[in-house]
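Consider the two complexes below, in which chain A is the common component and chain B and chain C are the respective partners.
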Partner chain A sequence: MKDWRFHLAEQRGTLMALAIFVAMFALYVANHPAGFTANVVQTAANKGVLLALVAMAQTLVVLTSGIDLSVGMIFILCNCVASYVVSGSAVATALGITAVIAVGALCGAINAAIVIFGRLQPIVTTIATGAVYFGTALWIRPFPGSSAEFNSVLADALTGKIFDLVPASIVVLLGVVVLVWLPFQGSVLGRAVYAVGSSEQAAYMSGMPIRRAKFAAYVLGGMLAASGGLFLTFFTYSGEASVANGNTYTLYSIAAVVLGGVSLFGGRGSAIGAIFGALAFRAIGDLLFVFNVDPLWQPLFQGLVLLVAVSIGSARLFQVRNRLELFG
Partner chain B sequence: MKVETMKARTDTDHRHRGWRQRLDVPVVTAFGCIVLLLLFGSLYSSNFLSPEYLLQQLKVGAFLGIVATGMMLVILLGQIDLSVPWTVTLGAMMASAAAAHGQVGDVLAIPVGVFCGLLIGIVNGVGVAYLRIPSMIITLAVNAVAQGLMVAYTGGFAPGDSASPAMRYLAAGTLVGVPNAAIMWLITGGLAVFLLRRTTFGRAVYGIGNNETAAYLSGVPTQRVVMSAFALCGALAAFGGVLLAGYAGKAAQSMGDAYLLPSIAAVVLGGTSILGGRGSYLGTTAGVILITLLQSILSVMQIAEFGRQIIYGVIIVIMLLLYGREGTVR
Partner chain C sequence: MEGLVPLFRMEGVSKRYGGVRALQNADLEVKAGRVHAILGENGAGKSTLIKVMSGVVAPDEGRMRLDGREVNFPNPAAANAAGIVCIFQELSLVPDLSVADNIVASNPPGRFGLIDRRAQRRIAEAALARAGGQDIHPLALVKDLPLSRRQMIEIARALTRTPRLLILDEATSALAAADVTRVFDVLKRLKVEGIALLYISHRMHEIAELADDCSVFRNGRRIATYQAGTKSDNEVVEMMIGREYSHAFPPKQAAAATTAPPVLEVRNLSWTPRLNHISFGVRAGEVVGLGGLDGQGQRELLLALFGVLRGIGGQILIDGKPVSIASPRAAKAKSLGMALIPEDRKTEGLMLQMSVRDNLSFATLSELAHAGIIDRDAEHDAVAEMIALLGIRTDGVLAPAGSLSGGNQQKLVIAKWLMRKPRIILLNDPTRGIDVGTKQEFYQLLRKLADAGTAIVLYSTDYDELIGCCDTVLVLYDGTVKRSLRGAEITEHALISLALNIDTTAGAAPRPAAAGA
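And then the complex of A and B:
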């Protein structure tokens, strides 16, 4: 196989997600009464970036062939923490943001420690730690609200537009991809994350740092979920410990990861695909809005689109020559 | 061949030999924790040891017990069913809706509710068994569709229909002092034990959970078994919802949300491996009682919601660290 075809095959999931997103978004702006304007893009971007960050967090864990059902709760916890600490002067705000990211990293590290050293399955571990994170969020923020000196200047800047044109949230997301994801993916640890997901046994035999790789994936995931929580605070100006919100983001992040072509069995896919998956998933809701679908029917359509999208993958069944391949 | 002996032979990491080999460590630990919890509770108030309190707990736990029975079948296969929340709600709403149709409706309410759950389960099963979609994804999507159907049907409000007399009787009535809900759980549990231990279907479930390829090569109709297990899981979740509607008097939006994670936790706390192939129904029962008691004691002690969540999560992790550990990679 030629070199470029190999690389293309590797990126197929990401490209599919990109294609789905572009098609849906084009349909959306074409039918939007205001058309393709900066404001329309900004609104869509702000909604999409939240889920995109959480989906990136989920991707990292899924790549190690785990799953993080606490990711939505980390997101909510960091939202509540941020509503207290992102306030006051520029220095205080910067310290606050660092603290929020540190909280996310800590949550990820707890998950990682239980999974790696406690040797429990990620799915059950994160169910339990998710309850703990949510309890903590409820503890510090029993009622929705924010600190009196909340830094709304920064919040407006990051949710607004740069030069009245480019949504700032998209720039931040791009920054995260370029400064965090791409270097990580190329690093030894990043390659080890993929290796662990493909075959932990083989990775172990090859002397890969499997424990460090898993640890890095969970911690980085926690930090990305924390950035999502920060952004939620910037949008809403407040923190709210909402269990429904947390669960929704956990489930949507899995949906985004799947739409983004990341294999739930691990070792395959990219956080960039998950970003497009998240944006596409958000675009479903927007599409239903511009086509004036009764809001009552929106959850049904969202579900049906998801159902169809996940069934597309089973087209490979037509290529199966030996039934035993099914169990691979 | 009995499960225990099979397990001991296949499980090379099993360090307990001799008499301990026969002892099911997770089940014993889980029951030990139940006793500890009760003793701890009785220090706080002697009511915790009264028969009335214990029967009340069985009644409350019955709903989780029935849902967890279905979840266990699916987890034994090495799969998972994330569509439980809205299958529970859908069962409750459809049963209540049927109950609104006069006398015929009263009779048909429960079957209609359970049948709708069965249909949801079959969709899941077809997706997992025949289309080979990972269960976590297809059940997530089906959950979204079920939610969409119910939101569209009810208009997003709690439906006005109320539960039929039969539903109320089964969920809230008593028979010589024993809550009917607990009896329903007992019957469900008895059938589940029979199914898992005495039928080829049950053997096949364990077999597929251990190694699907091997089960297929041994002539097990794996696809049909997987689909039936998912169908049963859907039906049981809906039945739990039907009873829950009878208990509360009517169905409500997102009444099933509180059952997904506890049912998975109950199954896993009972010693069933989340990877499938290992686990006993007795363990699941212990897990359900454990979680019900834990929730009840924490709320009786008037610990705030945040504290309950934290303690709940920490206890699950600690218990699993005691016996739920997997082997290391070698």
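And then the complex of A and C:
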């Protein structure tokens, strides 16, 4: 076989997610009363980027064949922290942003420590820590609000448009992909993350740094969820410890990851796929609005479209001629 | 000329697993530039010995010295760093990563933690070429490759780690003869380069060809060490099993009723492109072997018969009536009465965490149950009968299947299907990685089943086994039956030349007769 066929096979999940996103987004803008304008794209981008960042966080943990049910709560906690510390002068704001990311990293590190050293299953661990993170958020921000000196200039810049055309949030997301995800995927640790998810035993026998890899996956995941929390703050100018919001983001991040072609068994997929999965999922959710249907139908419709989309991804199973491959 | 200090030395090493003493006060010396073979039955302590040497498990007591200096390996990476590299029997490749990713896994090329993909590709290609696996594409995913290719990758990978002591644990068990030859050439070259090799294999003729020194282990102790070629096969096997070595193969039934209609008949079976127009029949009491190089469609043929493959052309007849077998569940039904002993007992044969009892009764549950409730007494009796019949050594019926030795696990898989009293048994390389003693028991059992009227199809990568066990052997080549050999026609010479698709009459030199023959 030629090299490009192997590369194509590797990217199949991502390309599928891209295709679904393009189809859904095209359908959305085609029926939007305002059409394909910079404002429509900006609004869609801002909503999509929030979920995309959380879905990237989820991807890292899922790649290790774990699952992070605290990811939405880290997102909410960081939103609440940011509503206090992202304020004042440029220097103070920069320090504040660093602190928010550090909180996300700490949350990820706690998850990782319990999973790696406590040897608890990720699903159990993150249900518990998620509740703790949410409790902390509620404690520091019992009522929605923000600091008096909240840096709304930065917030407006990052949720606005560059040259009145390109949504700034998409540029930031692109930056995260280029500066964080791609180097990570090409690193020794990144490869070890895939190896651990594929077969932890084989990875260990191969002398790969499996503990460090898992730790890195959770910590980096926490930092990405924190970036999401920051963006939520830039959007809303405030922090709110909303349990519904946290849970929604956790579940949607899993949907986005699946839609993005990341295997829930671990070891396969890409955060880029998850980004397209997140954007596609958002587009699906917004479709009903442009068709003027009662918003009460949204969850039902979103669920159905998700089912169909995921089924397309597994349609190849009908072509499997050796039934043993159905279980691989 | 070896130095006075052996490259590696182990003294008084012991290891217990629960109540089982896997190693007892074991010692061993391995010299540079020599191939040291370790022989012993399964459960003799060979696997534990290797695991201790390569840092997978820590010994309870004892010392290890490398170049005369005491060493301790907390993990496999530390042993690798010291130059002790092991190719494990349980393959240690990551399925979702590419061949190249796996080859450089422990020490990828690059800087600042970033992997240089081009350098990685070069290293992988060089390593594959060195091991004789040029046909493997470095970008292919490991999980898409057959077992024999994976084993070549394991060997290639070990070579990239610049070993000083290379341990091969049944490293050739899944390889076809042509690959074994290539691997042996590599090993002989390594030996000349001054690398020490520790070689573990159940294939006696491989040991005869390769080894300089041999050590025999039994019950966790080293029984003897001798220079290769100074003991007869019979003596060696006696040391290994501690009992007389009788004829390896039970006599075949002289008159496997050749006029009776076949129980299982296959006409023009195809599964393009892997199987093409295969026809044969198996009578009651007959053992039909499938020969040929590894990966010529033997596995697919068995899976096709057992209803695992979709889109099959041709006809399958049982008792002369055409049947369509939609799934393993249909194949095992009383009306067809088939059983398949799968190739990979760990994934397709057993649920390792579940108990011996549960594993044994899986295939028979519907017969053991009344109105959906399992009859515990009937199950207990059936399970006890099977354990006694096959002589399965286990710590009770509630022990997890994973705690049994390899040979006993394989017996478990066979017993599970025998419980159904099948009329047709399909076996997929059932003796891979199994010790001599268990193999013998297995051959006796096979013949007993045949004599009782069972129709048997046996795929084996071991030519001796095909010669010793089968009434007929179909040699497969590229998905077609090259020739069907009967009775005295089944010789090593014929099997090898047909497997390589060489005309028998052109005469490839026969290999020296193998162990126990």
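We take it that the second predicted complex is superposed on the first by the 312 of 328 C-alpha atoms of A that agree within 3 Å, B and C clash if a C-alpha of one lies under 4 Å from a C-alpha of the other, contacts with A are read in each partner's own complex, and residues count from 1 in each chain.
The working rule: contacts are C-beta pairs under 8 Å (C-beta built on N, C-alpha and C of every residue); 3 or more make two chains touch, one makes a residue touch a chain.
Because the structure is predicted, anything quoted here is derived from the model rather than measured.
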Exercise for the section: Give one of first, second, both or neither to describe whether A:187 is in contact with chain B, with chain C, with both, or with none. Expected result: second
Exercise for the section: Name the contact category of A:322: first (chain B only), second (chain C only), both, or neither. Expected result: second
Practice task
Report the partner of chain A that touches more of its residues: chain B or chain C.
Solution key: B
Practice task
Identify the partner contact of A:31: answer first if only chain B is touched, second if only chain C is, both if each is, neither if none is.
Solution key: neither
Practice task
Mind working out whether A:201 is in touch with chain B, chain C, both or neither, as first, second, both or neither?
Solution key: both
Practice task
Pick one for A:268: touches chain B only (first), chain C only (second), both, or neither.
Solution key: second
Problem - Contacts of A:11 with chain B and chain C, given as first, second, both or neither - result: neither
Exercise for the section: Identify the partner contact of A:236: answer first if only chain B is touched, second if only chain C is, both if each is, neither if none is. Expected result: neither
Practice task
Please work out whether A:311 is in contact with chain B alone, chain C alone, both, or neither, and reply first, second, both or neither.
Solution key: first
Completion exercise
Both partners, chain B and chain C, contact chain A at residues 201, 204, 323-324
Exercise for the section: Write out the stretch or stretches of chain B touching chain A in their complex. Expected result: 80, 82, 127, 131-134, 136-138, 140-149, 151-152, 155-156, 212-213, 216-217, 254, 257, 261, 264-265, 268, 274-275, 304-314, 316-317, 320-321, 324-330
Handout entry: Contact set on chain A toward chain B in their complex
Key = 67, 69, 114, 118-121, 123-125, 127-132, 134-139, 142, 200-201, 204, 210, 244, 247, 251, 254-255, 258, 264-265, 296-304, 306-307, 309-311, 313-314, 317, 323-324, 326-327
Practice task
Would you mind writing out the residues of chain A in touch with chain C in their complex?
Solution key: 1, 3, 6-7, 9, 183, 186-189, 191, 194-195, 197-199, 201-208, 267-268, 320-324, 328
Practice task
Over in the complex, which chain C residues touch chain A? Could you list them?
Solution key: 56, 75-77, 80, 88, 91-98, 101-102, 105-108, 110, 113-115, 117, 137, 139-141, 143, 271, 300, 303, 308-311, 327, 348
